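So that you can tell them apart, the chains are marked A, B, C and D in the order they are listed, and the count of residues begins at 1 in each.
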Amino acid sequence: MAILADRNTRVLVQGITGKSGILQTRSLIDYGTIVTAGVTPGKAGTTVEGVPVFNSAAEALERVEANAAISFVPPLFAKDAAMEAMEAGIKLIVLTMEGIPNHDVLDILAYASGRGVRVLGPGTAGIISPGKCKLGAHPARMYREGKVGVVSKSGALSYEVSKTLTDAGIGQSTVVALGGGPIWGTTQLDVIKLFNEDPETEAIVLLGEIGGGTETAAAEYIAGHVTKPVVSLIVGRAAPEGRSLGHAGAIIRGRAGTAESKMKALEEAGALVATTPARVVELIRKLG
Amino acid sequence: MAILADRNTRVLVQGITGKSGILQTRSLIDYGTIVTAGVTPGKAGTTVEGVPVFNSAAEALERVEANAAISFVPPLFAKDAAMEAMEAGIKLIVLTMEGIPNHDVLDILAYASGRGVRVLGPGTAGIISPGKCKLGAHPARMYREGKVGVVSKSGALSYEVSKTLTDAGIGQSTVVALGGGPIWGTTQLDVIKLFNEDPETEAIVLLGEIGGGTETAAAEYIAGHVTKPVVSLIVGRAAPEGRSLGHAGAIIRGRAGTAESKMKALEEAGALVATTPARVVELIRKLG
Amino acid sequence: MKLYEFQGKALFKEAGIPVPRGVIVTSSDSSGLFAPSVVKAQVLSGGRGKAGGVALVSTIEEAREAADSILAMELKGEPVKALLVEEKADIIREFYLAVTFDGEAGTPLFMASAEGGMDIEAVAEKTPEKILKLPADPLWGVTDYKIRALADFLGIEDKRAFADLVRKVWKLFREKDAVLVEINPLVLTGSGLVALDSKIEIDDNARPRLKALFDEKLAEQAAITGAVPEEDSGTITYVPLEGDVGLISDGAGTGMLSLDLIRDMGGEAADFCEMGGLTSPEVMYAAMDRVFSDKPRIKSLLVVLIGGFNRMDEMAEGITSYVRDHKVSIPLVVRLCGTMEEEGKVIMKEAGLPVYDDLLTAVADAVRHSGEGR
Amino acid sequence: MKLYEFQGKALFKEAGIPVPRGVIVTSSDSSGLFAPSVVKAQVLSGGRGKAGGVALVSTIEEAREAADSILAMELKGEPVKALLVEEKADIIREFYLAVTFDGEAGTPLFMASAEGGMDIEAVAEKTPEKILKLPADPLWGVTDYKIRALADFLGIEDKRAFADLVRKVWKLFREKDAVLVEINPLVLTGSGLVALDSKIEIDDNARPRLKALFDEKLAEQAAITGAVPEEDSGTITYVPLEGDVGLISDGAGTGMLSLDLIRDMGGEAADFCEMGGLTSPEVMYAAMDRVFSDKPRIKSLLVVLIGGFNRMDEMAEGITSYVRDHKVSIPLVVRLCGTMEEEGKVIMKEAGLPVYDDLLTAVADAVRHSGEGR
């Protein structure tokens, strides 16, 4: 099974004829992801890496099957593209771009919530279910098929920890990056719920960072509902107080958002707490 | 069971302190409907027929339980009240008032569809599940508990036919009036699907009228999916062509919307076709 | 409220939607006439072009002749009282563009066709694939991808100008509570897109919140037709018919059923008068007044009442006070049941008026009385 | 882009939100000074009242003195360069009103409190029940029932004026791509509601579509601070720190992890510089330039790269061209892996630069080098 993306995923690439669109489409196809269509207005009839390009998502879905969209559309056009995909019937949208105006993100999420659409991102590295489907930036070589589910706000941190796991011979069921912006469509909690219900996932790695309260919300859920072992790594212990370090979410808001408070909440919820990727591997190993 | 309203229905009355609100609340309670709260902004703390009044739906739902709302709010304020009820978590809204601006109705339906809310009306006489719950104008004495489901756009026509059934000793599972406006939240088709799945309903009476295509859409569904007997009565056979007779939907648009074309479509779909309420009773009787 | 072409175009102009320069004239002597121009009858019904209500003129003499001849016309029963005289457009292509709503789906709806200028209903019937119907979310409205879809379907190249126009049409639709904004034809000229005609209908339900607009447009209409601006008629629907059995009901469904039954029993209704499901003694009174004023020669009056939200005591009050105030000499057949039925029956009885319980019997008696009265 | 109070108030005024009459002055000699008045430091940070940045003055002499003294201040590191001199308001009640968004819930959020004028963060911490947080749908915005809920919570009687103000605040929030519109305090005076302060932040992501607004406001800010208007900085986040290990990463998560590991290993980072997940040789080059310009005395530079969307060949190009163009004399510790890793390693090797695979080893070496350099 894996979560969110698997062998049944059929991908529509929005903004497929741009530089990132072409490069990433190549990388998805190389991995074995089934890309059925691309969309760039005005480019219907062309192909990118063998994938047919359509003028609109609606047009694409009349001709091919797709159940997920990944968007490389420039930030100011991202909202229109996302709504187009949702209206055409897509139920999973991966927004890779950073820099989408926040009000546009709010609009996208409102539109999505009314239509039962899951939005990942914006600014996300996406999803990889090793050996099954790659729907995002994850560098293929750093992953191998297995039973550990990984969720992270940061893409790079998810690569880093997955690479360490893979190097140690520990595979992943699915690795999900949520995106670095101040607003997210899918939260840590959402993904942890999915991992908890996924029969192929046996342990969960939660990668968090300072700022905000989503890891604490996840901790509350873990304490009450999660039956699988959870290993966590919260970064930003050495970050200066009250300074924004990239992710707008990573601003310390009172004591609640410090690395310490999150590690404490997770520990109390029964999660194992690591401070380095190597330690994450050790803790996973100890689980058996 | 019955459909839409039953013994588990807990009703919030919006606009409870107005003339219609008071009269209808009395009539619902007299029938045995469980009315848990009323809302009129600025009237919190008072009661109407023993029902506590709150300033807002959100306030009401913090204090009491309710899973359906019936609105007697004046037309220009109906949209705000409906959105308030939906945001507070109500999943069934009965809009009794006529004269709500059409754009407001469009807004209400868009808001509802994004939240999985069923809207009945506007301009509807509502629902009665005889012996269980009355959520609308239906005059109690004209109904008795039984196994015939009745759906009608017109309230008065639903009373008329139900009264004829009741006088003949034939009871109803639920009677639903959809409302007379040019836009409806719930269609004949929606209700027929519910009746088809309701174990307490053994036969369905579809009351239709000239104009529009909803009876024809229902006929298509009946042909393909409905396993229960359907008896239909389409009014407006004697109506002059191209003249609006009250319901804005009742304008003949091409041949598709004539009484004859609808009767034909229903007959071909396997429904029994009557031209008077008395004949409806005869046909139901013949079913056994 | 349906608007005349010139009224719709005033709204277009205000909204920034390009229209040809034009003037309204009400006589062929008007100094406003000019040539070359297009002289167009201002009527609320459609199909005026086929009926000769539009003339292309090259000289001022032709303009006067056309004005004279069109002002003498009656189009679908509507006498022509005003003309819109407009500059000719250098038409390259003609489109159809409208926004309305699909009541059965419950959503706003764009409609577009490259077969503009034609009878769009004929296009819809014969070649429905030539009309694009695009539902819209009421709040999100016209997103860029919908505009691209419309432009692609119409084969419009200047997408920017088209997008601007579509957004303005949508804004007008929403802000003026329109139930229809139709441009047929929308034309492409050497200087861009121009709305060559306008058909706008404003939702009467929105009258209380668009009072100034209604007042202005109804006053303009009254100035042209000479009729007094229509009052907000409330919930009563009145349609005059050809027969002699007067008919009043408190629901469209039972009204139509009664109409059918009258015919089935050999009678013919004089009217269709429906009061809506939540009425009052005053509305009942007004409904009787409406029927008797318009159809003083009816042979019987059938009143079909079945009260849900409306109260039978109030209906009986309305009927009895009308009878008290006017000399009603024809048979009154009142079927009355439902909410507050007992109270209503008492009031009727005190006034010496009969009440029926069964609809079929009531209809039969009304039809019988109409036969007797002949 | 954070706006100064006076800039926010200009937007309020434009939006029809009442503000006190006021003038901007940049010296105590200004003819704009008047009394009685309130003299307020214009700074982007908060808490200026407690720090003495606001003075109530009764005479023009007091106004000059206050201006002199406040213009000599530095508030949270920010030198005061301008003052807003405003009429005093006859305050009856003070409220807090803001609209922002809740990133974790993904919705706009209204916040209101009757404890206006106070340190709202202290209120939030100590008596959270005194703040009403009301989520809003981005498109539906402030429906009437939400306005009633806010007014009831605040105990405001003139609901009509309040509704008007809240709708204008919402419109400003949406149309100006604001991430925060805060009025603290919003005051009730004898003549109605007045925004006595303003805190507005505009979304930098919206800069391309609000170019005129950004240009105008940044030019105003530059005129006051004397600094050149900031260029759109792209995706680079740069935060100077106190240590001597320079740090650049292509992700905030790995950047923070590296920061933690540097400290764990006994070092201290000189900065936090994060390039975002989709960068280019130019961004890599600019990031190195940023660190070396701001921190010329660092002892080593740790570059942590793990490529997903970004390409390691491009990163290597950026690094090697920076090294080619500048004399980099300190140890460069580059951990590079991911997309186009081989190509990147070849480029680094050709330039004679070492590459690391393992993060812990890289951090350890960078910290060691910084120790050696001391």
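Rule of thumb we're sticking to: contacts are C-beta pairs under 8 Å (C-beta built on N, C-alpha and C of every residue); 3 or more make two chains touch, one makes a residue touch a chain.
No experiment lies behind these values; they were computed from the predicted model shown.
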item: Path length in steps (a step moves to a chain that is touched) from chain A to chain C; value: 1
item: Chain centre separation in whole Å, for chain D relative to chain A (CA means); value: 26
item: Centroid distance [mean C-alpha coordinates] between chain D and chain C, Å; value: 56
item: Distance from chain D to chain B - Cα centre to Cα centre, in angstrom; value: 54
item: Chain C: positions in contact with at least two other chains; value: 139-140
item: For chain B, residues that touch 2 or more chains besides their own; value: 113
item: Graph class of chain-chain contacts, one of line, ring, star, complete, other; value: complete
item: Chain D-touching residues of chain C, taken from the complex the two chains share; value: 139-140
item: Interface residues, chain B side, partner chain A - complex; value: 113-115
item: Chain B to chain D touching residues, read off their complex; value: 41, 55-58, 77, 80-81, 83-84, 87, 111
item: Of chain B, residues touching chain C in the complex; value: 20, 23-24, 27, 75-76, 96-103, 105-107, 109-110, 113, 123, 125, 136-139, 141-142, 152-160, 163, 180-185, 187, 207, 209-210, 212-214, 217, 233, 235-240, 243-250, 254, 275-278
item: Chain B-facing residues of chain D, complex; value: 140, 143-145, 148-149, 152
